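Below, each structure is written out as structure tokens.
Below, subunit A partners subunit B and then partners subunit C, in two separate complexes.
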Partner chain A sequence: MGKETKIITKNWGKINSQNIEAYIHAGGYEALKKFLFEMTPVSGVEEIKISRLCGRGGAGFSTGTKMESVQKEKSSEKYFICNLDESEPGTYKDRMIVDNDPHLLLEGIIISSLIVGANKAFICINGNYRKQAHILELAIERAREKGFMGEGILDSQYSLEIEIFSGAGAYICGEETALINSIEGHRGEPKARPPFPTQIGLFGKPTLVNNAETICNIPWIILNGGHEYAKIGSEKSPGTKLFILDGAIKNVSVVELPLGTSIRELIETHGGGMAKGKYFWFAQIGGSSGRLILEKDLDEKLEYDREAKIPVGSGAVLVVDRTVDIHEMLLSWTSFFRRESCGKCVPCREGTFRLWEIAKRAKDGKISERDLETIPDILWVLGNATFCPLGKFAAVAFFDAIDNFRKEILKEKNIN
Partner chain B sequence: MKIRIDNNEYEASEKETILDVCRREGIKIPTLCHMKGVHEGVCRICLVENSGKLMTSCNTKACPQMDIVTQSENISRARKINLELLWADHAGKCATCKKNRRCELQNLTMLQKVENFRFVPKKEDLTQEEELDLLKDNRMRVVVDEGNSAISRTTELCVECRRCINICPTKELSFNNRSGDVVVGTPYQKPLDCIFCGQCVKNCPTGGITDKNDLDEILEKLDDPKKMAVALFDPALLESMSLEQPEIESQRKLVGTLKAVGFEAVFDLAFGMEIFIEKTIEKIKGNQSNNLILSHCPSLKLYIEKYFPEFSKNIIDVLTPDELMAIFVKTEYAKKNKINPKDIVVVSISSCVAKKIKKDTSLDYVITMREFGRIIRKKNIKISEVEGEEFSRDISPKNKEVSKMTRCGGAAEMIAREMGIEYIQANGVKDIKNIFISLRKKRIETKIIEAMICPGGCVGGGGQSNNIL
Partner chain C sequence: MTVEKILLGFDPEPRNILPALKKISASFGFVDEENAQKMADYFDISISRIFETATFYDLVKTKKRAPLEIQVCSGANCATKDAYRVIREIERQLKIKAGDQFNPKIRLEIVSCLGQCGNGPVVIINETAFLRVTPRKIYDILKNYL
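The block that comes next holds the complex of A and B.
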């Protein structure tokens, strides 16, 4: 397996993605057939565990382990949820998947649902993705006509219904418990864990929630085996990942690369280097909630690993050049989290609000001594005492900015 | 299993949370959003440390090999910052707040020794434009609801702990908006139109939801030498009064305090209950149908009208004991003692919030235990120095058993025994709902039904103080 392995993007730009015949012609739904007629749910989970595939939404939890725990639950009803509620700023990989290969996603959803024993799957799609919801609706219709879903899939004993659920585009609804609340018709806010959704999830039943990109890896693993998959990419987290290259680079694009690629390679080889006349300042990895990378850390490898210095997050790489005003960045991050906090717990609700106020003052060059004293306190409480990870993420970029660009943030003050 | 807390081993069961174990063992952990049976974990005050990681004790179940620390630098730092953040969003008008000195936020802030309030910008840091923005923002977010005569709400003092949302038996309240704009309110911010059981008022830690009252008017009348102020009090509820003012531990002390506050006469409400029972028996005798519903719980009447309107006709149409007694005071008592009824002010001190929505005008005011506490504090009465007194003998009940009525089922039991009929009793909305559903499906039938909305009857009423101070 070379570096050129394409799993998710193999059909992109090559076939007419809306056409199910074209997808089948390109080898589509073969994995489903293989699973239906040659494998059992238990052996399916075994393959995925061997592949060491981990969640591509950001947390990087082992997909196989999660699937196994849902599979082991004894319940007559189980649910599978495809998390397409993509709302991280600067991240649009899932949208690209639907645009370019909706049937790959569907095949992954069908196989994953059958593996865990769910006979109902939801695709929870961001409310702003109208066009993508329409594409999926058509794809589901075609797949049903072909007998890939519905009662008795391809005359086997398996059945599956897929429903598209359109959220209202709240960032927090990407968190799995909030997503479940949202589908149930409640306020989109996280629930306390345990119980984990794998035990008590949607409508109180065991539920598996996976990111759309994770799901797209499943057909390949079923078809080629977990051992093959485990050979791709980095030692710690094998497989490929969609990276979204954005900002002051030549080629703004989505690329599929093996995990373990360094940031420098991403920017210089695949992004075509810095755009003309721009000078690298820092890069943000993983959307608004991602860490800031300076020149010296560019050789860090991007992989899912608890000890990794740079978390991959959603895979968005934003390159920022010297012409950008750091105050604008601060304001953009803080106003995003101020708006998207669900308001449930105190540190996140009040802390993100106060950070936004401070960012506004910093922009006006009126940041006071008192503000400088409170910033570490707010960031600390966001990082350590919030209900769900949103609060933790809200502090990351701000923390790195204060850490690295303190002078730039305060400089404005002296000028005014 | 055994868990370690502060280097001591304690026995714990799987069902218990860390907070449960600590409370049982007498280890103090401050809480704000926690209530019995509700483990939201939203206020982040009850934090403890488990192997160096902060977690909320109220919604974390005990696990083997836990090593809990309840006091550390990090814990108190997080608590302080959280409280400071809450204060920054709180109006902080303590001096004029109805909950002053009975406020859990105030108390927590004192306990945690929060001294700095750094998060709100100082006026001198703001431009005129920013100040205007802040005012606009504030105006948008503050929702004041004074649309009924029992409960008043203002989101200005709310700390979004969600206790009211969780306690409300009919789920009237919820969060509106998102993030920093979150306010507790009704759907579409319509004026509150519920059964006014007052459990939300009882459980509100701050002044966000309070009794609607005319305290200034009452105080004026208490001090007016031309007016005769009469207090009605149910001695069975003495215990709930001591929740508000712990020094009031005996009936004599209570009556003495009422007199000290300015009431000329204090009557035992048990007399009103006797009239109530008499009138109810009369009505039952003249009614052949079954499933008659006793009417002394005003919340129940509203509940039936709202959720089971087909049973409205089953309610025995008798005024509440307080109203009946007020009528008696203003007619027979006034006549006997040659007092102009217009000069008598009848105030009932009750554990009921719904009684504030009264029908008869003879009863001038209904105040809750909390409001009585406020009067005592406003008038600066030193209860320890008050001399004990007895209830006025002018109107006193013949039957001592009547006071059982405040406990659930008391009235029905008494009437049933006297008339030799069947009865059903229930308390708490959950049970009551089940009974009415069974009635609707004609699964049960009886002569009279006594149902009380508050859990445990009036003893668990919404008009009491709930503060763990």
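The block that comes next holds the complex of A and C.
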């Protein structure tokens, strides 16, 4: 396995992705057949556990472990949810997956559902992705005609229905309990755990929620085995990852690379380096909830690891150059989290609101001594006292910005 | 299409509450109390449950919309590409402020990421999306709506 291993993007730009014949011709749905006729759900989970695949949505939890706990639940009704409600700023990898290879996603959804014993799957897609929802609808129809889903898949005993659930624009619905709430017709607020959705999830039934990108790895693992997958990329978290390169670089693109690739390599080799006349200032890894990386940290490797200095998050890499106004970045981050805080818990609702106010004052050059004193308090509360990770995310970039760019942030003050 | 017809397109099950709300909001511009009551009766839940859900989501409107609605993405990626200058330019040309509710005809809103980051800044005017908008281009775009 060289560096060239492509799992998710292997068909991108090569086949007419919306044509199911083309996908089958390129070896598609072979993994489904292999699972149906040569494997059992238990051996399927075993392969995924061996592969050490972990969730690509941001948290990086072991997919095999999650699958196993749903599989072990004794319930006649189980649900599988494909989380395509991607709304992290700077992240559009799942949209690219649907645009370029919808059937790979479907095949992954079908196999994952059958492994855990779900007979109903939901694809929860971002409400703004109308075109992509349409592509998936057509793909589901084609797959049904071919007998890959519906009653008695390929004349086996397995059955599966897939339904598309289009979201209504709420960032928090990327969190799995909030997502479940929104399908149930409630406000998309997160729920306390335990009970975990794997035990009591959608409509009270065991539910597996996986990110779309995670799901796209499943067919490859089933076909080639978990041991082969575990050889790719980093020791701690094997496999490949989609990285979204954007900002002041030459090639704005989505690339698939093994985990463990350094940020420098991403920017210089795959992003083509800095755009003409732009000078590197910092990079933000993992969307608006991600950390800010200075020049000295560029050699850090991106991998899923609890102790990692730089969390991969969604895989978005935003390169910011010297011409960008840090005040506008602060406003962008804080206004985003203020808007998207669901309001369930006070630390997040108030904390994100106050940070936004401070960012506005900073922009107007009116930041006060009192603001500077309270910023650490607000950041601590957001980082430690909120109900779900959204509050924690809201503090990350602000903390790094105050830490590294204090002078730039306060500069306006001296001018006025 | 009447609200009754829209509702009959959905089974009265909890999982259809949000899709029905979205459809009513898109067809009528927003969900008013009368339609919300009809929906509550159809799904056999209280009207407060309908509004509880409706008010949470960006794509479900509960207030009457302005004839000209402009939304600008201010996500970090768009922000590095001058989204805030585009916002200031719109504010200057239309003599309004972002988030202002006073003007009954025009509303300018700053919204969260729309998943078009490679093509930012993104401006949406009455549901039509414009990509790679620059402060200079925005004048020509707005001209067609005034």
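The criterion applied here is as follows: the second predicted complex is superposed on the first by the 416 of 416 C-alpha atoms of A that agree within 3 Å, B and C clash if a C-alpha of one lies under 4 Å from a C-alpha of the other, contacts with A are read in each partner's own complex, and residues count from 1 in each chain.
Everything that follows uses one rule, which is that contacts are C-beta pairs under 8 Å (C-beta built on N, C-alpha and C of every residue); 3 or more make two chains touch, one makes a residue touch a chain.
Predicted model, so just to flag it, every value in this text is computed and none were measured.
**Student:** Of the two partner chains, subunit B (first) and subunit C (second), which one does A:R187 touch, if any: first, second, both, or neither?
**Tutor:** A:R187 sits against subunit B and subunit C alike.
**Student:** In the superposed arrangement, which partner chain does A:K10 touch: subunit B (first), subunit C (second), both, or neither?
**Tutor:** In the superposition, A:K10 touches no partner, neither subunit B nor subunit C.
**Student:** Does subunit B (first) or subunit C (second) touch A:T352, or do both, or does neither?
**Tutor:** A:T352: touches subunit B, not subunit C.
**Student:** I want to verify the contact counts: of subunit B and subunit C, which reaches more residues of subunit A?
**Tutor:** With both complexes superposed on chain A, more residues of subunit A are touched by C.
**Student:** Can A:N384 be said to touch subunit B (first), subunit C (second), both, or neither?
**Tutor:** first
**Student:** Is A:Y129 touching the first partner subunit B, the second partner subunit C, both, or neither of them?
**Tutor:** second
**Student:** Touch check for A:K49: first (subunit B), second (subunit C), both, or neither?
**Tutor:** neither
**Student:** Looking at A:R370, would you say it contacts subunit B, subunit C, both, or neither? Reply first, second, both or neither.
**Tutor:** Only subunit B; A:R370 stays clear of subunit C.
**Student:** Considering only the touch criterion stated at the top, classify A:E340 as touching first (subunit B), second (subunit C), both, or neither.
**Tutor:** The answer is both, since A:E340 touches subunit B and subunit C.
**Student:** Just checking: does A:S166 make contact with subunit B only, subunit C only, both, or neither of them? Give me first, second, both or neither.
**Tutor:** second
**Student:** Need the overlap of the two footprints on subunit A, from subunit B and from subunit C, as residue ranges.
**Tutor:** Correct list for subunit A: 170, 187, 339-340, 342.
**Student:** Taking the complex as given, what residues does subunit B use to touch subunit A?
**Tutor:** The touching residues are 39-44, 47, 54, 59, 61, 74, 77-78, 81-82, 85-86, 88-89, 118-119, 121-122, 125, 160, 174-175, 177-182.
**Student:** Show me the residue ranges of subunit C that touch subunit A in the complex, using the header's touch definition.
**Tutor:** Subunit C reaches subunit A through residues 14-19, 21-22, 43, 52-53, 56-60, 74-80, 83-84, 110-118.
**Student:** Give the list of subunit A residues in touch with subunit B in this complex.
**Tutor:** So the residues of subunit A touching subunit B come out as 170, 187, 192, 194, 338-347, 349-354, 357, 361, 366, 368, 370, 373-374, 377-378, 380-381, 384-387.
**Student:** Quick one: in the complex, what on subunit A touches subunit C?
**Tutor:** 86-92, 95, 126-129, 165-171, 182-189, 203, 244, 246-248, 252-253, 284, 287-288, 316, 318, 320-321, 324-325, 328-329, 331-333, 335-336, 339-340, 342, 397
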